[in-house]
Every structure is written in C-alpha cells, then in structure tokens.
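Note that the chains take the letters A, B, C, D, E, F, G and H in the order they are written out, and that residue 1 is the start of every chain.
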Amino acid sequence: MTYNDDMPWTVYLSGEIHTDWREEITKGVEGAGLNAVLTSPVTAHADSDDCGATILGEPESAFFRDQLGARVNAIRTRKLIEDADVVVVRFGDKYRQWNAAFDAGYASALGKAVITLHDPSLTHALKEVDGAALAVAETPAQVVRILQYALSGILQR
Amino acid sequence: MTYNDDMPWTVYLSGEIHTDWREEITKGVEGAGLNAVLTSPVTAHADSDDCGATILGEPESAFFRDQLGARVNAIRTRKLIEDADVVVVRFGDKYRQWNAAFDAGYASALGKAVITLHDPSLTHALKEVDGAALAVAETPAQVVRILQYALSGILQR
Amino acid sequence: MTYNDDMPWTVYLSGEIHTDWREEITKGVEGAGLNAVLTSPVTAHADSDDCGATILGEPESAFFRDQLGARVNAIRTRKLIEDADVVVVRFGDKYRQWNAAFDAGYASALGKAVITLHDPSLTHALKEVDGAALAVAETPAQVVRILQYALSGILQR
Amino acid sequence: MTYNDDMPWTVYLSGEIHTDWREEITKGVEGAGLNAVLTSPVTAHADSDDCGATILGEPESAFFRDQLGARVNAIRTRKLIEDADVVVVRFGDKYRQWNAAFDAGYASALGKAVITLHDPSLTHALKEVDGAALAVAETPAQVVRILQYALSGILQR
Amino acid sequence: MTYNDDMPWTVYLSGEIHTDWREEITKGVEGAGLNAVLTSPVTAHADSDDCGATILGEPESAFFRDQLGARVNAIRTRKLIEDADVVVVRFGDKYRQWNAAFDAGYASALGKAVITLHDPSLTHALKEVDGAALAVAETPAQVVRILQYALSGILQR
Amino acid sequence: MTYNDDMPWTVYLSGEIHTDWREEITKGVEGAGLNAVLTSPVTAHADSDDCGATILGEPESAFFRDQLGARVNAIRTRKLIEDADVVVVRFGDKYRQWNAAFDAGYASALGKAVITLHDPSLTHALKEVDGAALAVAETPAQVVRILQYALSGILQR
Amino acid sequence: MTYNDDMPWTVYLSGEIHTDWREEITKGVEGAGLNAVLTSPVTAHADSDDCGATILGEPESAFFRDQLGARVNAIRTRKLIEDADVVVVRFGDKYRQWNAAFDAGYASALGKAVITLHDPSLTHALKEVDGAALAVAETPAQVVRILQYALSGILQR
Amino acid sequence: MTYNDDMPWTVYLSGEIHTDWREEITKGVEGAGLNAVLTSPVTAHADSDDCGATILGEPESAFFRDQLGARVNAIRTRKLIEDADVVVVRFGDKYRQWNAAFDAGYASALGKAVITLHDPSLTHALKEVDGAALAVAETPAQVVRILQYALSGILQR
C-alpha cells in the first residue's frame, strides 16, 4: 500500500518559446522534488516551421508548407496534451501566439486542468482563456507552487 | 422517406466582431436557400465585457471583472459550439483575438468541422490553427460555397 | 435559414424546495420570452420520500426505504440533468441539502454549465461547489438575466 | 502470466477532515496487505482555504478568495477522482460538507464505484447520495473489508 | 417557455415475449396520458429466429443461421437501447432468456436507467442484474407507476 | 403515447457511385413506407474531385488539390456518418474504392450498424470489412428488407 | 525500441463457477508463455452471496440481502471488466447464469472483445450473446489458442 | 522529475504485408534510439486467413470461413489500434487492401494520429484517406523521421 501524496503527474508546457520560463519551471519542480513528467512542443522555432517540408518535401506555396508543418507538429502536441494532467499555457508580450490559445481551448474541451501564465497587462485580452483556467499565474514560481500543492499537498507559505 | 440533400445543419460563427462577415455569410446562406441555423457569441463588445459585472455585481478588480464576464459568456459559447456541426472561426487584422483561437481549439478537440476565415497575410501566424481546419477560406463567399456544397451537395462552379 | 438568437435551451432547477425560487425564475423566463424548457426534480417532499415504498412495497427498515426512494427519484433526475444545457442549483439556509451538492457535482462532471444560487452567507461553505460554477447568483432575478443573456444575447442593463 | 487476485487499485478518500478515519482505513489496508494506492484531497483545513490567495495574491473580497482557493484545489481533486477506481466519501456530524456531496456526484457521473461512510443518523439526509453508492458503510473497518473483498477476493467473515 | 412536467421519454421494453406484459404497460402508459415512446425488439419469435436466413440466404449450419439472425436483430435492438431513456427488462419463468440479461448489461454500461420486472421467485437468480437496476418491479402496473412518477412527477398513491 | 414500430432512422449510403444502387434502395424504402432519412456523400464524381480547388483556389500540385477536396468532402461525410443509425457501404467491381472501406472503418469505430453490399466475388478481399458488419448483402433488395425489418419489425418472407 | 509480439493483455474470465475451466485456461496461458493478466469475479459461491450482508449487516429480507451483495460484487466486477482487453464468458449447462449474460452485454457495450465459451447445445439459446462475440469457443483449449494468436501472433496449427 | 523529450509511444503498423517496410521502420526507429513500441497485425498471410477455421473448426462455406477469421483477427487489431498513439497505414501497388483503408478509418474515428505511406501513383485513389492523415509519406525513412521528430523533438535535416 502507498499513501499517495507524491504521485506522478504529467504537465504539458504550451506556448511562448522566446524566454526561459520552461527552464524556470523545470528547476522549480526539480527543486521541490516533485514526481512530475514535464512535456512540451518542439521549441526550436525553425524546426517547428520546417519539419513538414524538410521531411516530406518542399511544396510550392507557403500555405501548404505551413499545412505540412502544422500537421506534423500536431502528431506530437495532440498526444502530449491528451496525456497531460495539467496544461500550462504561457503567453508572452510578442507575436500573436494563436497556437497557445488553440492549445488552451483544446485542453479545456478535453477537461484538462489549465493554468495560464502571463503578465497582468494581457489580462483583458486573455479574458475568455483565463476564464477557462483553474489558475492564472504571473510568474513561473507561482506555477511551481501550484504544482507542488496539487501534486504533493504542500502549501509553501 | 426523405432523400436528404438539404438536412438542417448548425453553424457557429466565432471570432472577429468588427466587420460584417457574419452578415455576408448570413445573406449568402439565405440566398442559397440552405437549411442552416447560424449561431454566434454575443457580438456587442461592451455587453460581452460587462455581462458578468452588470448582472452579478461589480468586483473590486479588473481581473475578477473579466473572470465574471468570461464565465457568463462561456454559458452561451460552450453550448453553441457543442451544438454546432461546423465552426467557422474568423480572424481579422486587429487585436489578438485569442478567444477565436481558443474556440478553434475547443471545437477541434470536440471533433467539429472547423473552417478558418482570414486574410492570407495571417497564414503563417495561424499555421497550427489552419492545420486543424478542414478548410481555410479567405472570403465569406467561399465559406458560403463550402456550406452549400456540404449541406446540399451542390458545387457552385 | 434561421439566425439563431433565441434557440431552445433546457434548464434544470435543482435543490431547495421550501421557497418559491422556481416560480420566480419561471415567471422571469416567461416575462423575458425566452425559448426555454425548465425542468426540475419532484418537489413535493413527501412524494420524493415515499415514491419507492409506495410503488414497490414498504421495506422493513428506514435505510432500505430511502434506498428504494432515492433510486426511483434517480430515474427522473439523472435524465433531466443529462438533458440539460444549464443546471441551476439552489441552496437555502435550512437542512443539509446534500442532494443539491450531489447534483452540482454530477452536472459538473458531465460538463454542464452550472449556476449556483444562494445567500452570500453560505459562500465559504459552498466554496468548492461555487468554484465549479460558471456563475454564482444571489437572487432568482440574476439567474433570469443570465439566462436571457445566454439564450437571446440580450444584456438587460 | 499472472493470475490476478491482488491487482493495484486506486482509492480516493473524500470528505470529512476532522477525525482520523483516513488513518484507520490506511492502517486497515496496510494490515490486509492490499495492493492499493490511497489518495485524498489536501486535508489541512487552513491550507485548503488559503492555497489560492497565498500563491496567487490576496483578492479584495472573501468571495474571490474562495474562488481562487477552490479552483486551485480542483486541480488536485479532479485528477485524483478521475484516476480513482473507488471513491470513499465520508460525512461527519458537523459542518455542511457540501464538497463531500459534490465529490460523490462528480464521481458518480464518471461511473466510479462510490462507497459512502457515515453514521446511521445521517441516512435520511443522505438518501440521494447513498442511493448512488455501491455500498453504505458505518465504520472505516467496513470500508477496509469491502476493499479487501473487491481487491483480493477474500471475504473476512 | 415550457415548464416541463410532461416531457417526451423513450422506454425500451426488453425481454420475455410469451405474455402480454408489453400490452399492459402500453395501456397503463396510455391511460396515464404519459408523453412516452415505447419501443421493443421484434417480438414475433419465428421472425426473430429467421430474419437473417430469410433475407440473406440459408446457411449450412444452425450455428451460422443463428449468427446471421442475431446480428440482423442487433441492428434494431442496439439502436433502440441507445435511444432509450429507460430500459425495462422482463424475465419470465420459462426459458433461459439470456438476451434479456444481455440487454440489461448493455443498457447498464451505457448508463441507462434499468427497471427489471419479474416474479420474486427469480430474485436470487437475478441478483447481479437487479443490483444494477434503479427499480425492481413485480408487476407491469408498478412499472407504469414508476414511469408516471419519473415522467410527470405524479405519485399515484 | 406512441408505440413505436415505425420510428425515424437515418441511413447513410456510402461507396460506389457508378451504378444506381442508391436509387434502388431509395425506391424500396419508399415502397415499404419506411420512416427513414437516406443520406449520401456527393455522388457527382467531378464535383467530389474538384470541390476544394474550385472553391478555395487551384493549388500547384495534384497532391494538394486532392487534400483540399478530400477535406472539404469530409465536412459533409463525417457529419452524415456521425448522424447515421445505419451505414450501408457498397463495393463495386471497379476501382479501389478505398474511401468506402475508410467509411466502414470510421462508422465501425463509432459503433454504427454497418451493412456491406457487394458481389460474393469480393468476399475474400473484403474479409475484415465484412467481419465488422452486422449484415453482408448482395443486392439492394436485401438491404431494403433488412431496413424494413429493423425499422418496422416486419419480416418480408 | 520493442517490436511487440508479446505485449501485456488483461483477460477477464466471467461466468460459470462449478467446473475448472478457469484453471484450464490459466494452465494453457502459462504453458504458452503469454504475457497476460487473468482476472475473475469472486468464484467462491457463498462469499459472493454473503459479502454484502456479512460486511454491512444482515437485512431483514432476502431481496435486500441480494441487493447488498450484488452491489458489493459490482465494485470488483465492473472495474475488472472495464480494465479488460478480452472478456471470456463461460456458460455451463446448469443454472440460469444471468450474471454471465449481463457481463457479456456490459462488456459488449464498452467495446470489449467478447469470447463466449459453451457447449453447442446452448447455441440457439445464446444466439444474441454469441452474435455479439468475436469468437464462440467450445473448449478452454480453443480460448487459449485464440489468446495465443491475438497476443503473440502465433497460430498453433 | 523527468523532462520528457523521449517518452514511450506506441505505433501500429497497418497494411501491406508483401514488402519489408515494417523491418525498415523497425531498423530506423532502433537506429534513432526512439522509445517506441511497434505493433502490427499478424502478417503471415496464411495464418491471418486460417486463424478462425483452424481454431474453431472448418465451416462449410468460404463466406463463414472468412467471417470466423476476420473476427478472430479483430481481437488483436482493434486492441492494438486502440492502444496506439500513431497508426501508420501502408498501401502497396497490389491487391485491394481494403483492410488497410478500414484501419485508417477506424483509427481516424478514434482520433489517432494517422500517417499514410504509399507511392505517389496512388495519391488520387487514396484522396479521402490521405485527407484524414496528419502526414502522407512515400518512404519508410520519412516515417522514421516523422516519428523521431514527434517522439524526441529532433528534426533530422
């Protein structure tokens, strides 16, 4: 028998790829000794753009190039979201990041626990997305504390 | 017995609220005599922002004001997306429109047929969203022709 | 073609049976001309207690009497909750009303839009239930305004 | 090949946090050598109340403080209920314990085996909840014997 | 707006085909003015045995004759069970009636409300089936009263 | 109250488009007075090939032309299969007809009743598809008789 | 990387408890070295009858005694069926064995692969149950060979 | 904590059995050190044809011989497809391979990521199947690169 206050959870880290927020969460989760598997999309921007065309051949138009790439990326991202217990979605201050909002909607419809992570300046623009989240965090450290509480039952005060 | 080339479909029109694309689709669908029910979120921007606070009381902070509003809006939008056969998601050239991308992800996870509608200039930014769509249209007229084909089996050449 | 700003919704009214809140919502919904079907459990307390034993025979013990009754009631309530688009759950200031909280949990797990309705004095005790609701109302009039907004898109200011 | 009379089960222990019933079940399950993972919500009352505000910041009102906390708690409780094979729901004689009844409804809608645990004095008030349970126990020892029977096939007479 | 105490329900009448219990329920439901659609398998025994071979050709062996027939019958019965709100399963005192017990299990796994109908002499043999039912009736009249209560909220005392 | 031996069913007619089997089934269903809605993919071969490119623009390569067309066709076919109670899949003696087999697999995974319709000469090649069907017919007349039996309970001998 | 011709499967052995068919299958599966977990209901008849009353207290009537027992048994059997990849259902020549047919229906509705196991003399009576099975075996040895083929891809000729 | 760029995936290899494409993918996956479980149907043609009749007895007709075999094969193939994260479906230039297209439809309806693998000469005939795939490959090496990208996040340029 195990009294489970430290069971394995899977946490998918979706969204912004230009800052080191994933590393901060990774370190925090490691530091707290949490039994978590952290997963993410491919965060190398060029690879994520090129994967379809590089493997399957360059199409004539940019539109179909993006179609090939997006659908190859979906092989990875859909499985990882479906396998996740928690989906953290990070919005940065640059770019339109529609894929992050798409992931939040996808995860939400599957009944996953969604945590959004963004600056308060984006609050109004992210209204509907935040409304579907179980927590709206401003810093990676907050996300780590939420995961620590949810996974191990410890509230770091 | 009915040989059904004109069965009732429900089409949800999500996204941008600043141009008259919904009216264009509505007219086109009417003109083609399609047996469709068109639905949409509340498109009056102020109402969509204020609905929570107006009905349930003004909270102290903008964050909770948006939470109240978003969750009241979700009563309407989630049902309409769940009831829809087709979800058309329109992206305009202004604002971040994360709710539109969220709806596309939500509809996609539910297995709905998604049609995106946007200018080609947005193609790369919408890559992952378009990759999940069954059609990517540039004009409301194209959406109408797709609906006409899907609903009544007539390809307007 | 129909442009649907007034589609049929089903709203289940769960919980407290000692005040006339259902009538108030009924009148409000009628007054607003909403296209809604309102449903509810059997609200005659004695019938709800006796239904099993009266129809199937009096068992020897109170425990099995309640089992018979609860399971006959479940034939009605589960179907009505499963058919509902919105589940309004009312908590009064008397009795423990565990069936109301049970219905809220049941509806929530099915992905229904839950609206709770109770006095602010109950807020802390209902914390987890309210946390799963899309709206927390204090008066039947607020529920009606939410329904009006969700069903017909009209925000009564 | 394994002939499985001792397979791993997950049992979620929901409800009352003021007596040591979880410890009793834990000891009993350990004593019987059952291959079970026991899980539970955070049972430190203050932590469960404060988790949202402590991590995400103190909101202005008690209502939103509870909303923050409830939704952070839901990250843990929903996953644990969804992962459980059996959900034991304990009702004590104090407080309204609506969250326990909510969990019972939530688990029930997901098709989980629900066992309720309470004093016979609560039977009538818990009628609808008990009606959805596969067993209604009065003591932790009975719960242990049910688990022993279900998990290992041994009926302790 | 409709206040729905008399909404349409679908009730599937499964099992024994040698007595007139379906007619009794039909008359009772009609007499009570209930808004119900009653459905049933094909109750002409010979047709139910012969349907496969008659339409698709006589196979060489009795085994495949039964396979053909059973699978053609399944086209009807699976749809009707899936469409039903309530499944009434009648066991008589003759024959093994495994198809009735199969239907009860099928309906139960789909979350349908199951009502069993049989003589008390069969109680022990039907233990597991009755344990999955929301009501165990002995007479068609009891079934009618349960339906009346569930559908229209009226407890005929 | 209705005693339902003639309820509305939806039947999707998938597959071969070069003979008049759909018309034969349509006439038979009409002749038998069955309460059925018959649906089908777009059966005009050129339209089905061209729909994507005609509406959305000609792509540079045949591969993407087919992708566009297939995905527009899927808007229609997926909905019709999901709405169907019975899916009849016809295989002719020409062409590879992989879309027919795909539809059979798709319908099968959704739990639809599948009826295959083909010449006995194709039996071995269609082994796995026929194995998933509830009936394997050789003529449209047999399909009509199966539908008559399933829908109205009448076995035409 | 693993090339998986010997992956773990779970096989539930339902039904008759008076002969040693489970032991025969167990030995055969062991002999073939299959990577299978075999599970079963409690096969000690008295325990299966008494479990509810022994643990929860003797009720006054035989009916409620059976209800208590059946529902405690369901905690075990429903989980094991839901966890199974294959459900083998054995019918003997004695007793009515409605629970076996119930399990077959339950497993079938969940989409499990059902294998029935019985003497040819029962074929006609089991027509509808066999019609839902993927294989109808007469001996435990046949079941073992089917499992060997399904699990390891080896056809023992 | 694990940062998961190399998590276990299950990949089902469906379709053509006359060339060594499965071995090529197996070697490639091994060479790339991917954490994958590769599964497949029984690829020994004679065994796949004979399995039913060999184990369960020779029926009189070829039709029922194929029925027996197909349904025994389905015990294996349905589980493996349901357990898969990715389903690769290979079409060769010989035979009609309807079972491959059936598997693609089955996998697609379950929401699996489908990758098709075939010569460009088959593109038009496979239009609808390819339209449901997330990637259309021409060589086993391309499939390996897609799996490497999806599983480990590495784009081999």
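Definition applied: a contact is a pair of C-beta atoms (placed from the backbone, for glycine too) under 8 Å apart; a residue touches a chain by one contact, two chains touch by 3 or more.
The structure presented is a predicted model; accordingly, all values stated were derived computationally and were not measured.
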Checklist line | Steps needed, at minimum, to go from chain A to chain H via contacts | finding: 1
Item checked: Given chain C and chain G, the chains that contact each of them -> D, E
Item checked: Centroid comparison with chain G (C-alpha atoms), farthest chain -> B
Next item on the list: Tell me whether chain A and chain F, two copies of the same sequence, contact each other through the same residue numbers or different ones, using over half shared as the line for same.
Entry: same
Next item on the list: Farthest from chain A by Cα centre, which chain is it? Let me know.
Entry: E
Margin query: When I count C-beta pairs in contact, which pair ends up with more: C-E or F-H?
Written below: F-H
Margin query: With centres defined as the mean C-alpha position, give me the chain B-chain F separation in Å.
Written below: 30
Margin query: What's the distance between the Cα centroids of chain E and chain G, rounded to whole Å?
Written below: 25
Checklist line | Chain centre separation in whole Å, for chain E relative to chain A (CA means) | finding: 48
Item checked: Shared interface positions of chain B, touching two or more other chains -> 67, 71, 74, 136
Margin query: What's the complete list of touching chain pairs for this entry?
Written below: A-B, A-D, A-F, A-H, B-C, B-D, B-F, C-D, C-E, C-G, D-G, E-F, E-G, E-H, F-H, G-H
Margin query: Give the list of chain G residues in touch with chain H in this complex.
Written below: 1-4, 7, 9, 85-86, 111, 113, 115, 134-137, 142, 145-146, 149-151, 153, 155, 157
Check: What residues of chain A sit close enough to touch chain H in their complex?
Finding: 10, 26, 29-30, 33-39, 42-44, 47, 50-52, 54-56, 68, 71-72, 74-76, 78-79, 83
Notebook entry, point to check: In the complex formed with chain E, which residues of chain H make contact?
Noted result: 59-61, 64, 67
Next item on the list: Write out the stretch or stretches of chain A touching chain B in their complex.
Entry: 49, 62-63, 66-67, 69-71, 73-74, 77, 91, 95-110, 120, 123-132, 136
